[in-house]
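Structure incoming, see below.
All chains are identified by letter, namely A, B, C and D, in their written order; residue positions are counted from 1 within each chain.
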Amino acid sequence: MPQMSSVPIAWRLQQPRYRLIGTICTKCNTSYFPPRSLCQTCRDKGKIEKHKFPGTGKILTYTVIRIAPEGFAEFAPYAIAIIELEPGVTVAGQVVGDPEQVKTGRKVKTTFRRMYTDGKDGLLQYGMKWELLDQ
Amino acid sequence: MPQMSSVPIAWRLQQPRYRLIGTICTKCNTSYFPPRSLCQTCRDKGKIEKHKFPGTGKILTYTVIRIAPEGFAEFAPYAIAIIELEPGVTVAGQVVGDPEQVKTGRKVKTTFRRMYTDGKDGLLQYGMKWELLDQ
Amino acid sequence: MRRVAIVGAGYTKFGECWDKSLRRLAQEAGMRALADAQVEGKDIEALFVGNMTAGRFIGQEHLSALAADRMGLTPIPSTRIEAACASGALAFRKALMAIQSGQHDIVVAGGVEKMTDVGGDSAVASLMGAADQEWESQIGLTFTGLYALITRAHMQQYGTTSEQLALVSVNNHKNGVHNPNAQYPFEITVEQVLKSPLIADPLRLLDCSPITDGAATVVLASEEAAKRFENPIWVIGSGQASDTIALHDRKSFTELQATIVSSRVAYKQAGIRPEQVDLVEVHDCFSINEIIAIEDLGFCKKGEGGKFVEAGKIARDGERPINTMGGLKSIGHPVGATGIRQLADLVTQLRGKAGKLQVNDAKIGLALNIGGSGATGVTHILANQNAL
Amino acid sequence: MRRVAIVGAGYTKFGECWDKSLRRLAQEAGMRALADAQVEGKDIEALFVGNMTAGRFIGQEHLSALAADRMGLTPIPSTRIEAACASGALAFRKALMAIQSGQHDIVVAGGVEKMTDVGGDSAVASLMGAADQEWESQIGLTFTGLYALITRAHMQQYGTTSEQLALVSVNNHKNGVHNPNAQYPFEITVEQVLKSPLIADPLRLLDCSPITDGAATVVLASEEAAKRFENPIWVIGSGQASDTIALHDRKSFTELQATIVSSRVAYKQAGIRPEQVDLVEVHDCFSINEIIAIEDLGFCKKGEGGKFVEAGKIARDGERPINTMGGLKSIGHPVGATGIRQLADLVTQLRGKAGKLQVNDAKIGLALNIGGSGATGVTHILANQNAL
């Protein structure tokens, strides 16, 4: 996965990636994850601040990746789901553990894991994945 | 130098790269190197055939590369010249040996050398370079 | 606005073309289209090239200049457009606007992609450049994965079945058998699709379009210039729309706003309703995308695309023939070329020259080209003289 | 053809912006231009984005959708244009044609490049995507190397000197001091240039433009729509041309056909002669390129560009002020953004808002943006109300 592990990219994404910190427009009270620095409704009249999301969510749809891209082969097969953090706020994420257990509607919480190995210089990249909560 | 060493690319370029084989339009007698498969003058009415160029040429302009791209660092500093093979037929090429000896007007001949090391899988790529003929 | 027609079209054999470079493919398709139109190089005033991945696949950007150079057309203006898998149709749309602007009368639009020079896992990673690099690529999503997420959502919400998906592939392969340029010109069965390996559940290998090399080109002419050509095919509608780059940022995962908006614009410009479309080229990069397109283009109600396919309505002799020359599934999917190939196939049909694949009395055709997981949608509507 | 004006412009601070992603830069420049024009998001009908290397530098293609998404403008049509270092001006030209076509009235054109996320040797290799991958990149040529070949040919043929080259850098840096968005806003001396390290003989470090992050945006409006804006700056000429992708395939190495042809088209459209141009933005990616541009744009005879510079004619108070806000050398060169930044700077001058950098009585400005070693050339001519 060329160029993905660059220091500046990793550094910029550290807060959202490691700690689920998105943004909120305090004018219209819309929250964003992944973070947006421009409110979709209020635009330049909005007031964007940091917003910490609780580390849990619900699976809306999912898949199991069996043919993985460069840098992810060691994890395959792995599940990826679209997870609802709050009504209207959704993000895609890898769900760790047995992919056969992943189902729509199941609750998940964040977990800090190794994301991939960079193909170019072998750097390990860490970040946020998700694990299933007990049903 | 990602993706440069792929087997299909190297195979397709083998003839022109290793043996200075270009093309000629036998209708208007214009020769091309690097090869063209469409005559610039006659277009679809042209008749393109393979054409072997003699392995010598004359330097029209040159430079010495001191900051090299990925895959070429081991050769730096190295000279690159635009070489006239026949009147109107010119190609860029690396001139081996002491770059300080390279001058406009000097005669050169082809030589088969290692071109670069592929950054991704370490494959060695061979091809055509140029060496100075005695003045 | 000035009226514009397509007066020539052609594409290369699609497939794994190890012996042909990107520049060779582009030149070959260009010469086919010029020969088809019977125009000479000196008549061409501008060039538009759609391509997605040449920068990552072969280290070559600036394809605009390369294409003009290889076709011997310098110094005419040449422009490269990139919109992931919608690069082709978008290049066409910009060529159309160049004529409408009054700056040019005869313009060439082409698309090209050389995908087999790199390994499969590199290709999978490179294609994800079409999606959100920060929030989709970096978690290990693939293109098939994105459409798999859409597929499951559609199944959950509307009861769409794997059999219905399979029937999309079966239909398109059935047509592709008679297309001499198709990469996979053979029939497949529902059973074969359902037994093919899972790539990203619930999508299987035979739900996916292949990795392909190929190029396609069309020649456009202004109304005045079109007079000297035989059987011009008119562009009566053109629409383009965007959506969030990341799938998860959308309100719905079972419809593509870029299809809905771009097709509404095109229908309005053409002054027609969906029922008036005689045949359709849709972007079946994955079988689900054909089902969703059928719905979003207005050929049936939302959620009923699966049943529409099951009822055989997309067959060449059905209610709404779709991908009558084989679609992305059978012809192949050189991403930048696909949008132009779709238009070239519509031209063949609307000229009545599709041979065994001919749709009876075809007068109006629609082509939908999609980029990424739906972040770009481009719709064109073409018509022959009989429709006007 | 419909008349078109620029009604808003803005660009980010250029430099090494480690804390800002490509998407953030694009959004920031966009918001600056919209604020400058005092237009709201809902007024924007289409978006054009120029970018060269995001695919290779950060794995992100499909910037059209990303830009519309981040600016909150979906589902409007959004198009990415790539023409190496000329991507910006070409995106602008397509935006212009979109308005001329009658399809849109208010359109945004932006350019963005994020170059410092990868290491220097990767950047050097990626930029060579603008040149001929098969016959230039693979022999170890660099971008500086290509312009070094041109430089030596020009020196041999016309006696151009290293001192004359150095004076180009000196002039542009002198102007850049007062540009708050410049990457290197400091003066340099001829001696410093001549003592800076050789990169590719005879070109030295201070002959070269830097590696830069940055984004620039302008807002275009049709004649009718422009009425409601203050002080619109009119686009009176636009030209585009191509040349062979490889330098060695050209008949001459000391002139750029793409500049000559594109500027002739623009002059003709504008109905002016070179002598009527009050100030000029040229593409000084390397100092030689400014000298050749002076000649090819018709400001002096072929071969006399070096003397033209030496005589001080390019100074802000000279006969033909060039790169009055700092040029690529001092402001920086985020490749896709440069062509738009040039236009933004002309707009500032033609509005009379350039402060310490103001050119007296500036009425007509010309911008030349070059892709690769000259395989794409795009010329625009702008004029304020006083010129008409």
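The rule is short, and it goes like this: a contact is a pair of C-beta atoms (placed from the backbone, for glycine too) under 8 Å apart; a residue touches a chain by one contact, two chains touch by 3 or more.
Keep in mind that this is a model prediction, so the values were computed, not measured.
Novice: When I count C-beta pairs in contact, which pair ends up with more: B-C or A-C?
Specialist: A-C
Novice: Compute the centre of every chain as the mean of its C-alpha atoms, then state which one is farthest from the centre of chain D.
Specialist: In terms of C-alpha centroids, the chain at the greatest distance from chain D is A.
Novice: On a C-alpha centroid basis, what's the spacing between chain A and chain C, in Å?
Specialist: 31
Novice: Measuring from the mean C-alpha position of chain A to the mean C-alpha position of chain D, what distance in angstrom results?
Specialist: 38
Novice: Indicate the residues of chain D shared as contacts by at least two other chains.
Specialist: Within chain D, the residues that touch at least two other chains are 21, 56, 58-59, 122, 125, 128, 133-134, 137, 246, 249.
Novice: Where does chain B touch two or more other chains at once, residue-wise?
Specialist: Residues 1-2, 4, 9 of chain B each touch two or more of the other chains.
Novice: What residues of chain A sit close enough to touch chain D in their complex?
Specialist: 1-4, 6, 8-9, 11-12, 36-40, 43-44
Novice: Write out the stretch or stretches of chain D touching chain A in their complex.
Specialist: Those in contact with chain A are residues 18-21, 24, 27, 31, 34-35, 40-41, 56-59, 70-72, 116-118, 122.
Novice: Per the contact definition, I'd like the list of chain C residues that touch chain A in the complex.
Specialist: Contact set of chain C toward chain A: 56, 121-122, 124-125, 128, 133-142, 144-145, 148-153, 156, 197-203, 246-249, 251, 253.
Novice: Which residues of chain B touch chain D in the complex?
Specialist: Residues in contact with chain D: 1-2, 4, 9, 13, 34, 60-73, 75, 78, 80-82, 88, 90-94, 104, 115-116, 125, 127, 129.
Novice: Under the definition above, what is the set of chain D residues touching chain C in their complex?
Specialist: So the residues of chain D touching chain C come out as 1, 21, 23, 47, 52-53, 55-56, 58-66, 68-69, 73-84, 90, 94, 96-98, 100-103, 125-126, 128-134, 137, 240-246, 249, 257-258, 261-262, 371-372, 375-376.
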